[in-house]
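Chain nomenclature is as follows: A, B, C, D and E, assigned in order of appearance, with residue numbering initiated at 1 for each chain independently.
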Amino acid sequence: MTETIHSAASLWLALSVLTIPLFSALVCFVISEKFAWLSPMVSSLLLFITFICSAFLFFQVGDSHALTYSWPWFSVNENIIRASLLLDKHGLIMVMVVSLVSFLVHLYSIGYMAEDQALIRYFGMLGFFTFAMLGLVMSSNLLILFCFWELVGFSSYRLIGHWYEKQEAAKASTKAFLINRVGDLGFLIGLMILWSWLGNLDITYLNLETIPTFWLTTAGVCIFIGVIGKSAQFPLFHWLPDAMEGPTPVSALIHAATMVAAGVFLLIRIESLFTENTLVIISVTGTITAITGAIGALFQYDIKKILAYSTISQLGFMVMAIGAGAAQGGFLHLLHHAFFKAGLFLGAGAIIHAMHQAYHHQEGNVDVQDIRNLGDLRKKIPITFITFMICSAALAGLPFTSGFVSKELILTQMNEWSGNAFSWKWLVILGAWVVTLLTPVYTFRMVWFIFFAKSKHNVEMVEVPIVMRLSMFVISMSSLALLITFKPFHILTIINVLMSLYPNTSHLITLLSTLILLIALVSAFFMYKNYELKDQNKFLTPNLYLDWLSDYAFKLVLQFAILVHWFDRKVIDKIINGLTYLQVGIAHVTGWSDRYLVDGVVNGMAYSAKGIGSVTRSLANGKIQSYLLWAMAGLLIFILWILY
Amino acid sequence: MNDPLQHIFESVSLLIPEVIITASLIITILLGLILKTNKHVILKTLALASYGLAIFIVLHHLPTTSTLLFGGMIRIDEFSSYFKFLFLTGGILGVWISGPQKENSSAEYFLLFHAVILGSCLLASSMNFIMVILSLELISLSSYLLTGFGFNKKSAEGSLKYFLFGTVATACMIYGISIIYGIAGTLDFSSELFLKNLIALSSPLLLIAGLFTLAGFLFKITAVPFHLWAPDVYESAPTPVVAFISVVPKLAGIAVLTKFTLAIHLFGQSGYNWQVILSVISLLSILIGNLSAIAQTNPKRMLAYSSVAQSGFLLVGLVAFGMDGIHFMLFYSTVFLVMNFLVFNALNQFENSYGELGIQSLAGLGTLSIIPSLAILIGFVSLTGLPPTAGFTAKLFIFGSLWGAYQQSGELILLVLFVIGLLNTVISLFFYLKIPYYLFIKEKKETANSIKSDVAGNLLSLILVIVLFYLFISPDKLMGWINKITFVL
Amino acid sequence: MRHLLSYLIFTPLLAAVVGLLIPATQKNTFRVFALLISIIQIVIMVLIALHYEHHDGIQLSERLPWISMDLGQWGTMKAEYFVALDGLSFPMVALSVAIISIAVISSWTIEKNQKGYFILMLILNGAIMGSFCALDFLLFYVFFEFLLLPMYFLIGIWGGPRREHASIKFFLYTLLGSILILIVIIALYLSFQDPTSGKVLVHTFNMLHMQNPENIIPGSILSIDSTDLLGPYSYRLWAFLLLFIGFAIKLPAVPLHTWLPDAHVEAPTPISVILAALLLKFGAYGLLRFAYPIFPDGAIYFSWLVGFVGVVSIIYGALNALSSKDLKRLIAYSSVSHMGFVLLGLASITVEGVTGAVYQMFSHGIISAMLFLITGVLYDRTHDRLIANYSGLASKMKVFTGFVLIAFFASLGLPGLAGFIGEVMILFGAFLSQKANGLLPIWMAIVATFGLLLGAGYYLWTIQRMFYGPFSVKIPAAEMNDLNHREYVMLLPLAMAALFFGVLPQTLLNFINPFAQQFVEALFKSASFINP
Amino acid sequence: MSDHTLLFALGAFLFSAGLLIVLTKKNAIMILLGIELMLNASNLNLILFNRQNPTTYEGQFFALFVILVAVCEAAVGIAIILKAYHYFHTSVPDQFSDLKERN
Amino acid sequence: MNPGQLTLYLFVFTAIISVLVMIFTRTVFYAALALTVCLISMAGIYALLYAEFLAITQLVIYAGGVLVLILFGIMLTNRISGKPLITESHHVIKSAIISAGMFLILLVTYQKTSFDQSQSAPAPGNHINKIGIELMSNYVAPFELGGILLLVCLIGAALMASSFKKNDHV
């Protein structure tokens, strides 16, 4: 009896969590232009309710076994595709995170987007995105999941292109959707394989014994291609930096905290599907992505671009972790990353917003997102500085922050996975450590030039509005390990349920990673202390052997970065662009062939019909005797033909 | 001496329709001499009345069993009666659309009409080459003269060409018949003797003679390769005359061609495959007719080529060499008569209002003169063979019988004819749509003024359109009638 | 109530006759009249829906003798007025009623010769209904041919600058297809007998009899034991091939599609809507209704070819759409691509594929109608359809852009909108085919998915070029107002439908599922009867 | 060579010669003459073949009616030629070219 | 070679010669005269073939009627120039091939045909009488039809040849 009440209540909660954001979107779209100012309030309120509901839902379900609810959606060939909700621990935590971050971003946007002309569209799409994301997280049928997966992409497309008057935004949105589509095709093919072997796509009922290993591997790889697209993995990651053309809160919500993490989430959801070979591909892809992203972040000037590359790197790190058997660590990192990266973006937004306000009265166009134009902000906007610092620390993996906790866990688990004998797995491990090293370096660089370095421009600045500060504060607090663990070196996360599953990390790894962190920070400090950023990177004269070493290393890495960047811009982009151009080119060729060949054949037939006609007509030249001649000749030919 | 005389009298009593027309012919001559005013109206009424009476007699008073008359010269049977019905109907329609004649030549005009009808009726029922030649010549010579009734330069030229081409074809045919006579020993092509002798003496000479004879018939039905006169003649002759001579003599030719080919085919015992020969002629007619029509700019020239193609389609029914093929050919003939007159009637209305026409000069007239334009549209749709007109049904039936024949004989040429023939519908669309296209789609010129209202013409169009639709919706009534016709050579 | 289908078919035809009697000077009465007829048809359609039961048989059937005549040695030929609905035709008829109503509303702005226009529309209306309801092959053919002529004039008189060319091309191509079909019809009717007629040999056009290979007359050319070959194939295979080509022209499948862009570009908006939403469906409908059930052996033998043509159409159509500079041409090519999916689903002969194909037919009907209305909205304002001449429309025409987004994303297969379900089902079916019946290779399904990518490509690029960026229009005098009420009334129901059938596909699948299952089952059953 | 063969050959020769004249000579009256030759060839055949069954006169009757036909044709032909001459001032059919294909 | 046969050969020879004249002469008038010669020789051949009635008809109607008509036509169409009517030839080679082809094919196929060549003597009696009776009994239908044909042709020809007006010289 209690069980039914319990599950009925959670069903209603789950449904309301799912539909309230949708309702929010509808409300926004229904509101007339006159009352556009209402939409931020209403939708933020609704999202707050969503968050409350999701929290209730989480505690309602708690650590009991996963709940599923399903309704038939449609049927084909006697197989019923069921729309089903799967409420398990992973899912519910994600629901919480999504609704919380989304609520905070809504709140933040009230301030950030206050002067925007298209509030309705903005908050509507935010609501719709939240709905789609929650649907993705909660659904247990892969087809439904795929639907939400695409819808998430759609809302991302709309939000990136929010300022569509700007050509860059328009292009970036198109690019994002298209590259996501490439991944989605892989996903779809994976679904096709599963359907053809199982006739069923419900995660909870997948009967994997009936699939041959080859097809299982293929299906896994195909679905992973979907993840590559959505989670910006190598080689489909370059849409993410471009996506920064969207409003900054959107970047925080979609391109840092939730949507891009959906891929990682999916990997955890369908872990059972992956065979050994699939995992290899996943881990290697993750490693490459993580390193490339980190190096990319090292050489960007745009705050948001730095954060974007950093996101790529972190996502790669998570994917690598999952591929390398550190699924729990990966998931934990996913949660933590959601908060600290959202916090960083919100902070960046605050900086941009404040700078905009500051430059509003001044002449000249200054790119306020460029870290070369920033500096010395720590005193001007202290609250932003503090929150930003906390989140940066988490990103860098400083102790006492959430980032440290999950990083430790991943490294530990990977260590166990790699075993003692040398194998290719060690390369992956090495990659993980390289990322651990690089992350603090670029984080330091970013923070240094924003807040500490000497400023070129001296302008009066004021702090951002209270709603923005509030949300930044909340989000940065959730990145502090102090609030979620009591022993910084001894992992105990907030969520005891989760913790019970986790093995302890080894102290050796903790020590090692802290050491690496120190080295990174120290060397970064010396490197950037007197360093002035210019268009051409000029390096400090090597006054120390270390400097020379680091300089040399930097040069090497720089060359590699340039190469990577070149590769990214020239090869991958060109390939994709080139594919597009090629497509257009081929399309022109086919268009031409359509006009001249296919049509030509048909028209040619018509012409030849006319031609034959004109020959037969030319017999009728008006001269009776040639008529007779032809007639008699015809008769003669006829006779000869029959006779012989 | 009593018996032959008795026989002659009996024979005449069964030839009442022809006698009526002959009487009408003679009265026409006399009235032409007597009357001074209203000649045209009176003679037109006379012609209509006599044709109507003749139709009545054909439908109700002729024996349904086949009867030989005049010592085997003529046979009255349902086959010929049906054709007589068609000729007389064609006569009525042709007279209906004929306007007053120039040069005060009404009497001669109707006289020649009567002569063509008389010749056709006799041709359809003649069973002897002598009768064939004489009635064919009656038709031909009258047609040559009718063609000249435009009384202008063009008309004279057309008439001369028609005459020269026709006489050469006739000469060939007579020569061919003379050889056939030499082989068969008789001129009665339905007799046992004819059959026996031909089977006994299967020689290539017979093939040549047969083809020479065919030449005359092919000339009459404007089939390839004896079709070249058609465009010039159609262009030059007055439209009512073209309407008339493109239907009645052609159907008469088809009637006698049916008999002749069945005779020479010798129930399949001929040494030569006449089925193949006819298929090739039919195929060529369809192809050449349709292809040549595409680039025409004169509507009547275009219709001439269309008429060539239609002959090809008519021959398709014959190619099947079976009773059902002949039945469907009769159905097609009926529909052909209706749709041809529908088109020519409308064209005639346009010519009466606007004078001689090229296709271009019809541009934009569709909205000005809606009834003739719609009539012409429906007529062309039917000629193309599209539903919902009887042209579709007719084509469906006739090609159905062809498929049946193919299924039975497995002759590849029949399959080729089947496919090419049907595909020609598409080619024919090119030109059949041309006139409706100019009428409705092209922008009209400034100078165009509305058509003279022509109640009789519009009424005729309405009737013919209704017939076309009726024969589409319920072809089984007419087919039921046609199916009762049994035809034995 | 027993003659609902006849009412549906003949109401517009009778109305056309009545319309002839109204003097042409009564200008605006014609459109009201046509709208009235459409409303009556909607009422009839609602009644039909109420009487329809979901099972796999035919329903609401009406049979009257039409032609019955003695063929002498060939027996008797029988054609009937036989109309009925099943799970295939019901969605199509419902779609037709809806689309034609919208087309009538869309025709409100027609000024030139309203009488002729609306009478032709009514004739077209009746012919479309008749074609979808007919279960006698000859009756279908008659209705089908009958609709070509009004279409020809509608394009030719009320079309764009190159309308003459386009209308002729349309007519010729489709007539060519029809003739190929007619060839097979003639061959068929001498090969099938009516089993209910006892000892008398009765040839029939009845589809129910033609679907059963036991009714083939032994010894006829198309009989199953005939071993005659014509070139490489038996006559049965040739017949299937002819039917396939005939219907593929209508579909249209590459390389027989070139009439489509021309016809679409030149046709007036309402006619484009009808052309894309309804007329293209006849190709697929004909294959589903006639070609496949009558020649299951051909269907299986040529499934590779059909699938290949489908895949090529998908990719080729999409590539062409990508390179199109004219918005209407782009949409026309996208139709080629989308109808390629139908072909692919059909070729797989799996329940999924067939279900998807029918679903795709329906959803494409809705979506393409919307797309063409959208181009119409633009064309009405500027008389310009070149993509390059527009930019930043989103900032001036907000509601319009909303509809454009719905239509484009529905067309590129965004889940939640109608286009997705059909395409996914088709891809599932095509992929399943190799495992289930070994007909289609797997790569076809995989290559076909790239059609989805390309689809996204050209639509998004179009949005980017036309709707995003700073506002500018090439035609300076044009006033770019947002949608007016009439346009809103046309687009809203379609958008709702696109959403509805994307979210709740089962409403439609209730009709399609029984049909698809019975279709595949019967097809393999008769195939095994033919080739044991 | 028997008489039969000789006479048949004569007939064939007359026919071919008539055809040749019809095809080559430019004057309409010459064409008429050629046609007369062709008809005579038929008559010769008919009479020749009539001898195979001399009890009937079929061939001869046919020949008689062919002569009748020839007369009628000549009459009509001359009339039409005169008419055309009236318009064109020539009796050369090639110069009558109002009616032909116009491109 | 009996006298009958010799006469036959003579007639055949004259016929051939006159036809050759027709082919090669350029003057229409000569051609018409040659045709007359040819027709007369044909009449002779008919007579030799026991078809006296036809021979006479040939002489009377053809040589007497038709040719006069044709000569009349020649005169009429010649009236303007006054010079003898000269005719040119064209399509000579093509036509010659076709005619020769016809001729050869007729001969070749004749050779392959086994005709009954018996030259049985005709039944004794008055042929012309019998022909008359036959004409009015068995052949009455064609006879009457022939009458109508003549009537129609003459009226028509008269109309054609007479109805000229000055204003239709167009």
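Note that contacts are C-beta pairs under 8 Å (C-beta built on N, C-alpha and C of every residue); 3 or more make two chains touch, one makes a residue touch a chain.
All of these numbers come straight from a predicted model, not from anything done at the bench.
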{"item": "Any chain in contact with chain A as well as chain E", "value": "B, D"}
{"item": "Labels of chains that are neighbours to chain B and to chain C", "value": "A"}
{"item": "Chain pair with more C-beta contacts, A-D versus A-C", "value": "A-C"}
{"item": "By mean Cα position, the chain sitting nearest the middle", "value": "C"}
{"item": "Relative to chain A, chain with the most remote C-alpha centre", "value": "E"}
{"item": "Chain A and chain D: spacing of chain centres that average the CA atoms, whole Å", "value": "97"}
{"item": "Cα-centroid distance, chain B relative to chain E, in whole angstrom", "value": "31"}
{"item": "Euclidean distance of C-alpha centroids - chain A vs chain B, Å", "value": "80"}
{"item": "Approximate Å spacing (C-alpha centroids) for the pair chain D, chain E", "value": "7"}
{"item": "Set of chain B residues in contact with two or more other chains", "value": "130, 134, 137, 141, 145, 148, 152-153, 159-161, 164, 168, 172, 182, 204, 207-208, 231-232, 295, 430"}
{"item": "Multi-partner residues of chain C (each touching 2 or more other chains)", "value": "172"}
{"item": "Residues within chain A bordering two or more other chains", "value": "606, 614, 617, 620, 622, 624-625, 628-629, 632-633, 639, 643"}
{"item": "Touch relationships between chains, expressed as pairs", "value": "A-B, A-C, A-D, A-E, B-C, B-D, B-E, D-E"}
{"item": "Footprint of chain E on chain B - complex, ascending", "value": "4-5, 8, 11, 22, 25, 29, 69-71, 73-74, 103, 105, 108, 111-112, 115, 118, 122, 128, 130-131, 134-135, 137-138, 141-142, 145, 148, 151-153, 159, 182-183, 201, 203-208"}
{"item": "Touch list for chain A against partner chain D, complex", "value": "614, 617-618, 620-625, 628-629, 632"}
{"item": "Footprint of chain A on chain E - complex, ascending", "value": "90-91, 94-95, 98, 101-102, 105, 109"}
{"item": "Touching residues on chain C, where the partner in the complex is chain B", "value": "66-74, 77, 113, 116, 138, 141-143, 145-146, 148-149, 152-153, 156-157, 163-164, 167-168, 171-172, 175-176, 179, 182-183, 186-187, 189-190, 220-221, 228, 230"}
{"item": "Chain C-facing residues of chain A, complex", "value": "72-78, 143, 146-148, 150-151, 154, 157, 161, 164-165, 167, 169-171, 173-174, 177-178, 181-182, 184-185, 188-189, 191-193, 195-197, 580, 583-584, 586-588, 590-591, 594, 598-599, 602, 606"}
